[in-house]
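Across the two complexes that follow, chain A remains constant while its partner is chain B and subsequently chain C.
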Partner chain A sequence: MNIAVLSGKGGAGKTFVAVNLTMVVPHALYVDADVEEPDGRFFFPADNLEAKDVTVGVPVVDPHLCTGCRKCVDFCRFHALSFINGAVRTFPKLCHACGGCMLVCPEGAITECRKPVGRIRAGRYFDHRLLFGELIPGEQTGVPVIEELLADIGEVEHAIIDCPPGAGCPVTACVQATDYCLVVMEPTRFGVHDFIATERLLKTLGKPYGVILNKSTSASTPGGQYCIDNALPVLARIPYDPAIASIHSEGKLVVEENEAQGHNFIDLRERLQKEVGR
Partner chain B sequence: MRIAMPVEFTSPSPANEVAENFARAQTFVICETESEKCEIVKNSAQNTTSGAGVKAAQIIIDQDADAVIARRIGENAFDIFKEAHLPVYKAEYVTVEENLAAFSRETLPLYVSPSPKGYRKRRGRPV
Partner chain C sequence: MKTLAVLSGKGGTGKTTVANALIRLAGAKAYADCDVETPNLHLLSGAPPLREVFDYHGMDKAFIDDSLCTRCGLCEKHCRFHAVKREKRVYLIDSAACEGCGVCEYVCPADAITMRPSKDGEVCLHQNKDTFVTARLRPGAATSGLLVTDVKERLETRTKEPMAILDGPAGIGCPVIATLARVAMALLVAEPSVSGIGDLKRMAATAQGFGIPLAIIVNKHDMNASRTREIRRYANEEGLFFAGMIPYDKRVVEALDKGGSILDVPGKTSRAVRKVGGTVLREFDKETKMDESTTKKHGPQRKEG
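Let's look at the complex of A and B:
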C-alpha cells in the first residue's frame, strides 16, 4: 500500500504522522516529498546518505537560428523569456521547465540545457528504506524533485509519502502516485477550512481518503463534527498532549518512546489496511 | 522622448499619481516630452502569478519607450531595462506631471540597482 500523508496547511502534523506510521509498517519505504521544508531527516539517525542531483531542462536559444518571431516569448506563461534588442533573453529562475518553448519554436532554435534544482538523499533505518527530497532555495517548483522521488513507487510494496502542505501542483504530483490519502487535520475551525481545500483536490483526482485528527482536545470538535456530518472515516485521533509534542520536538519517534502512541499507530496501520483493501 | 510610468488610472491626466509598484500597477502612462501627449497602456502583467516584472518590462520596451520613471523596480525588470539600455529613474514626486518636470530638469536620480525585495502594495485579492 502506498499512502500519501497530507494536510491543507503546514504544521498540522504530516511529518509526525508519516515518520511514526513508517515505523509500524514493516519494510515500509519513507519518502520525504515536502521538498521545500524537508524535516523528515531529523527523525531517522541514518548517516552514509547517498545523494544525487535532480536536474531540469531549461531553454538555450541559438541566436543564429532565431528569426525573432517571438512565438516562444508569447507562449511562456511563466514569463521566463523576453525579447530585447532583437534577441530572446531567458530567465532560468522563472522557468518551470515545461519544454513548451522548444516545441513552439518554428526554427528549432531552442535546445535544452540541464540545470540542477534539487537533491535526493537515500538511506536506511532498520528495515526501512528512506528517501529525502530537497529543493534548492529560490527554485520555482518542487515537482521535478517529487516526480523523481516517486518514479518507481509502483514497484514498492509499502510506502509512506510525507507530502508538501496545501493543494497545489507538488501535492497533486504526490497524490497521483499513491493508492490512498491520509489527511492530517487539526480539528479547529481553521483546520476544517484547510481540510475542505484538500478534500476538493482529492475528489477531483478521484482518490480515496481518510482523516487523522491531530491535537484533538475532546470528543466534540469542529473537525470531528465535520467528519461525522460528511461520513468520513476517522482512522486515528492523536491527543493534544505536551508529552507527545516534546518527544517529537526532540527529533525522536513517538512510537518508540510512548507506549500508548505505539498502539495508536498500530491501530492506524490496521484500519488503513482495511481501507486500502476495499 | 517617450517616458513610461506605472499608474493606477485608465484615462491619462497629468495629476495622476505614479504607482507604488512597477510590475503590479494597473496601467502604464507613456508621455511624449515634445508634444506633451500622454497615452495609457494596460498592464497585462498585473495579476500574473509568475514573472510579472519580465512581462511588464516587455510591455514598456514594445511601446518604444526611451526611459522609465518608477518608485520601485524589481530585479528582473531592472535587468531587462539595463539590457535594453533603457534608463530607470526614481520617482521622487507624487504626480506624473511633477516627475516629468523633474525629469526635464534632469534632477531625478537614476536607479543603479533594483529595489530591495519583499515589498508588495497591499490590495484586495485579484478577482
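Let's look at the complex of A and C:
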C-alpha cells in the first residue's frame, strides 16, 4: 500500500503522522516529498546518506551561431529568454525546461545544460528505507524532485509519502502516484476551510481518502463536526497534548516514547489496511 | 506602496494570526492574502465586504481537435510533461499535467492543436474604507505564483495607500518567491522545534537570496524554551532582527474559530502580541525610510510563474 499523508493547511501534523506511521508498518519506505521544507530527516538518525542531485535542462545560447532572430524569445511563454542589447539572455529560474526554444531555433544555436534544482538523499533506519527530497532555496518548483522521488514507487510494497501543504501542483505530483490519501486535519475553522480545498483536489484526481483529526483541543470542534456532517471515515484521533508536542518538537518519534500513541498508530495501521483493501 | 510580508517556511506557525494582528495594530487600510492555495485571512472578522470577483487565467492549455489529428504522435513524443495521452487511437491532453509551453502546437504538422485560455481561479476584491484582496486557485492548478502576482497587482492598482501587509503561503517555492517580489521587509514567524528551525533557515536563505530585510518572531515560544533560545542565537549570528515572542494559549484557537483575533484574548497573550507587533512595525518604518534614502534593495522584478 502506498499512502500519501497530506493536508491543505500547513502545520496540521503531516510529518508527525508520516514518520510515526512508517515506524509501525514493517519494512515501509518513508519518502519526504515536502521538498520545499523537508523535516523528515530530523526524526530518523540515519547516517551514511547517499546523495544525488536532481537536475533540469536549461537553455544555453551560442552567441556565435545566434543571428538575433528572436524566435526563441517569442516562443517562450515563461519569459525565460529575452533579447537585451543585441543578444539573447536566459533566465534559468523561469525556465520550465519544455525544450521549445531549441526546437524553434533555425540556427541550432541553443543547447541544453543540466542545472541542479535539488537533491535526493537515501538512507536506512532499522528495517525502513528512507528517501529525503530537497529543493535548493531560491528555485521555483520542487516538482522535478518529487517526480524523481516517486519514479519507482509502484514497485514498493509499502510506502508512506510525506506531502507538502497546499492544493497546488506539488501536491498533485505526490498524490498521483499513490493508492490512498490520509488527510491530516487540524480541526479548527482554518483547518476545515483548507481541508475542503484538499477534498476538491482529491475528488478531481479520483483518489480515495480518510481523515486523521490531530490536535483536538476539545470534544466538539469544527473539524469533528465536518466529518460527521459529511460521513467521512475518521481513521484516528490525536488530542492536543503538550507532552506529544514536546517529544515531536525535539525530533523524536512519539511511537518510541509514548506507549498510548504507539497503540494509537498500530490501530491506525489496521484501519488503513482495511480502507485500502476496499 | 511599501509592503510587509508575513512568511514562515513551515506551515501552521501562525502567519495568518500574526498578519491579522499586525493589520489591526498598524491600522493598515490595504492588505492581501497571498496564500492562494489555502487562503484563510478572509475568515477573520474585519474583512471588508466582497465587491468584485475577477476570473484568473493562468497559462493557456493545449487542446487537440480530433477531426484534424493524423495520429502521427509527434505531440506525445515532444511533450516533456507527459501531458499528451493516447487512449486507443485518440490523443488527449491531460490538463492537470499541461504546463502550457506550446511545444505540441508547434510540432503538430496538421495544425490540430491550439492553445486556449484556461480559468485557473478567481481574484476577490473586498472593499469599504479598507482594500483587501484574496484569491482562490483551482485545486491542482500549476500557476499559483502567477496568481499571487495578480493579487498583488490588484491591490496596488485599487488603492493609493502608502503601506500594505501581505499574508504569505507556506514553503519556499514559486508562490513564496512571487510574494517576496518587491516587499520592503519580510516578517518570519518561527516555531520552536527542530522542524521549525530547519524550515526557518531555508526560508531565510530564500529571502536573503533576494536581498530582502528580515525580522523574526517566535510563536508558541513556551512550547520549547531551549529551541526558542536557539532561534534567538541564530537570528543574532545571521544579523537578523529579532522582534520578540508570543506564548502558546489554548484560547487563541477558540477566538479564531469564532472569527476573532489573537488581540481579543485578554491577558499576557494579547499584551505580548501588542508589544511584538509594535516592535515589528517600528522596524518596518525604519527599513522603509532607509530604503527611500538609498533606493536599493528590490526583490525579483520579473513575474514569477
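We adopt the following convention: the second predicted complex is superposed on the first by the 250 of 278 C-alpha atoms of A that agree within 3 Å, B and C clash if a C-alpha of one lies under 4 Å from a C-alpha of the other, contacts with A are read in each partner's own complex, and residues count from 1 in each chain.
Basically, a residue touches a chain if its C-beta (ideal position, glycine included) is under 8 Å from a C-beta of that chain, and two chains touch if they have at least 3 such contacts.
These numbers were taken from a predicted model, which means no experiment stands behind them.
Q: Name the contact category of A:E37: first (chain B only), second (chain C only), both, or neither.
A: Only chain C; A:E37 stays clear of chain B.
Q: Of the partners chain B and chain C, which touch A:V73 in the superposed model: first, second, both, neither?
A: In the superposition, A:V73 contacts chain B only.
Q: So which one touches more of the residues on chain A, chain B or chain C?
A: Partner with more touched residues of chain A: C.
Q: May I ask you to decide whether A:N2 touches chain B, chain C, both, or neither, giving the answer as first, second, both or neither?
A: After superposing on A, A:N2 lies clear of both chain B and chain C.
Q: Which partner does A:F91 contact after superposing on A: first (chain B), second (chain C), both, neither?
A: The answer is both, since A:F91 touches chain B and chain C.
Q: For A:F83 in the superposed arrangement: first (chain B), second (chain C), both or neither?
A: Touch status of A:F83: first partner only.
Q: With both complexes overlaid on chain A, does A:P170 touch chain B (first), chain C (second), both or neither?
A: In the superposition, A:P170 contacts chain C only.
Q: So in the superposed three-chain picture, is A:S249 touching just chain B, just chain C, both, or none of them (first/second/both/neither)?
A: The second partner, chain C, only.
Q: Across the two complexes, what residues of chain A are contacted by chain B and by chain C?
A: Correct list for chain A: 77-79, 91, 94, 96, 140.
Q: Sort out for me which residues of chain A touch chain C in the complex.
A: Touching chain C: residues 8-12, 15, 36-39, 42, 75, 77-79, 91, 94, 96-100, 103-104, 135, 137-142, 164-172, 186, 188-190, 193-194, 197-198, 200-201, 204-205, 217, 221-222, 240, 242, 245-246, 248-251 of chain A.
Q: Write out the stretch or stretches of chain C touching chain A in their complex.
A: 8-13, 16, 37-38, 40, 43, 59-60, 78, 80-81, 96, 99-103, 106-107, 137, 139-142, 144-145, 169-177, 191-196, 198-199, 202-203, 205-206, 209-210, 223-224, 227, 250, 253-254, 256-257, 259, 302-305
Q: Which residues of chain B touch chain A once you look at their complex with the stated criterion?
A: Touching chain A: residues 45, 48, 50-52, 54-55, 57-58, 61, 76, 80, 83-85 of chain B.
Q: So in the complex, which bits of chain A are touching chain B?
A: Contact set of chain A toward chain B: 73, 77-85, 89, 91, 94, 96, 140.
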